[in-house]
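Letters A, B, C and D mark the chains in the order given here, with residues in each chain numbered from 1 onward.
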């Protein structure tokens, strides 16, 4: 069900603000998942796909089905991070991503390494639905 | 438009977790608004009003229209706070609250003092709507 | 490095508030990690271990090194969830947990299944440190 | 204690992601305070002041002492907002800001209007401290 996908890596910058940190002095572990999602959202936007219309016009939502995250180094207040997003797997109704968070440039200090899996579901019934053509078309172009 | 309202003060306990703090070592300022809303939600629940059905059965949402918050002392990781909620004003389509956050017991160390105002709106059009009878009835009993 | 550990499952209730949800109408995926951490924190507290003193008196922090989360069903505004926490692995400087989130009672509707791994580190240098005796003692009693 | 301050308005763009919204379909009310703080942080950064060094080298923190926020219109998933920040008051140990959140360009649709007040405190004892020269110098240049 998985097809060949582009090796291109999309990158999105994220600045660390107070809101992202905790009293341990570092970015709170749950907040990295927000960063990962911003990168996935901007990757889709760069492909020409806005998630609002996906829901309104196509009646589907993209939802997370699994996350695997390895925390390598702490990020701190004020850090400028780079969050990557590349497709490792594409099913009929799902996409698998590999995502990294670096401090400095991509490839510099690895902060977080993650695999995230997204499924396409019916916005009402929450049942699996094939990825709409607008996404598939974007991926294979 | 404001009627006499009960002087009763509702109180809800909130434990401070890592998620609530920032790298300054204290509760992040935006997160107190979550605590205030938990207290308002539980106050409504104690009156027998669940907000889910409000939206589904009555087609209305309760939304915040204004917040005034004074930050008096910092709260820290592990603190057990008490969040109060009392009505100071009741309009046709809105409710005004006074809310406090204390460390320890109510009246001990004042952490935050706030006024919050909530409006009842149409869940679709976001236009003002009279508070449903289920809320008004609860308030005057 | 792994020793036999108690099969006991600790459970902590979590109510879903507006703050936890997103515009998809369900709990936002990153916020489950907050729920998981509340359960781990309360499990430690139930064992008599407060994390504030861990840092102040023992100079150590417990930090997450990995998370694997499988999202099974969406949780909604107003849901009352039960979050479990049981030890599956104990190293010299780390603890592995299995954690579940259920709607209703434990064993009812499975919302999320997760594995989380926590390491003990030096609060200053962020280097691994043996788990302090106060935790080890609590685990083996 | 208040001196004449520049009329210049600083603006910072904020994209609304899933993390910012709630099940009402709009931005969650507490999350606007994060947006306001990002704008204040970037305003300081534009003046050449990084808050990390403020704490490390000057031993001071900037903390919020009060917020007044009026919610005018809801913002939605995917919106691109502009968050403004201008000084209305400057004391020895505090700064008062007026801040607005607009959808589209500054002056287009007003989403939120806020006043925020920040105090300079000792990073250890949380007592008021004069604003460091690096900030005052930036403000009056």
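By our rule, contacts are C-beta pairs under 8 Å (C-beta built on N, C-alpha and C of every residue); 3 or more make two chains touch, one makes a residue touch a chain.
All figures in this text were calculated on a predicted structure; none of them were measured in a lab.
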From chain B, the most remote chain by mean C-alpha position: A
Of A-B and B-D, whichever chain pair has more C-beta contact pairs: B-D
Chain B and chain D: spacing of chain centres that average the CA atoms, whole Å: 24
Centroid distance [mean C-alpha coordinates] between chain C and chain B, Å: 28
Geometric centre distance via CA averages, chain B-chain A, whole Å: 34
Multi-chain contact sites of chain D, meaning residues that touch two or more partners: 18-19, 24, 26, 30, 34, 37, 76-77
Complex contacts: residues of chain B adjacent to chain D: 24, 26, 29-31, 33-34, 37, 55, 61, 63-71, 74, 123, 126
Chain C - residues contacting chain D, complex: 18-19, 21-26, 28, 30, 76-77
List of chain A residues in touch with chain D within their complex: 15, 17-19, 34, 37-38, 41, 50-52, 76-78
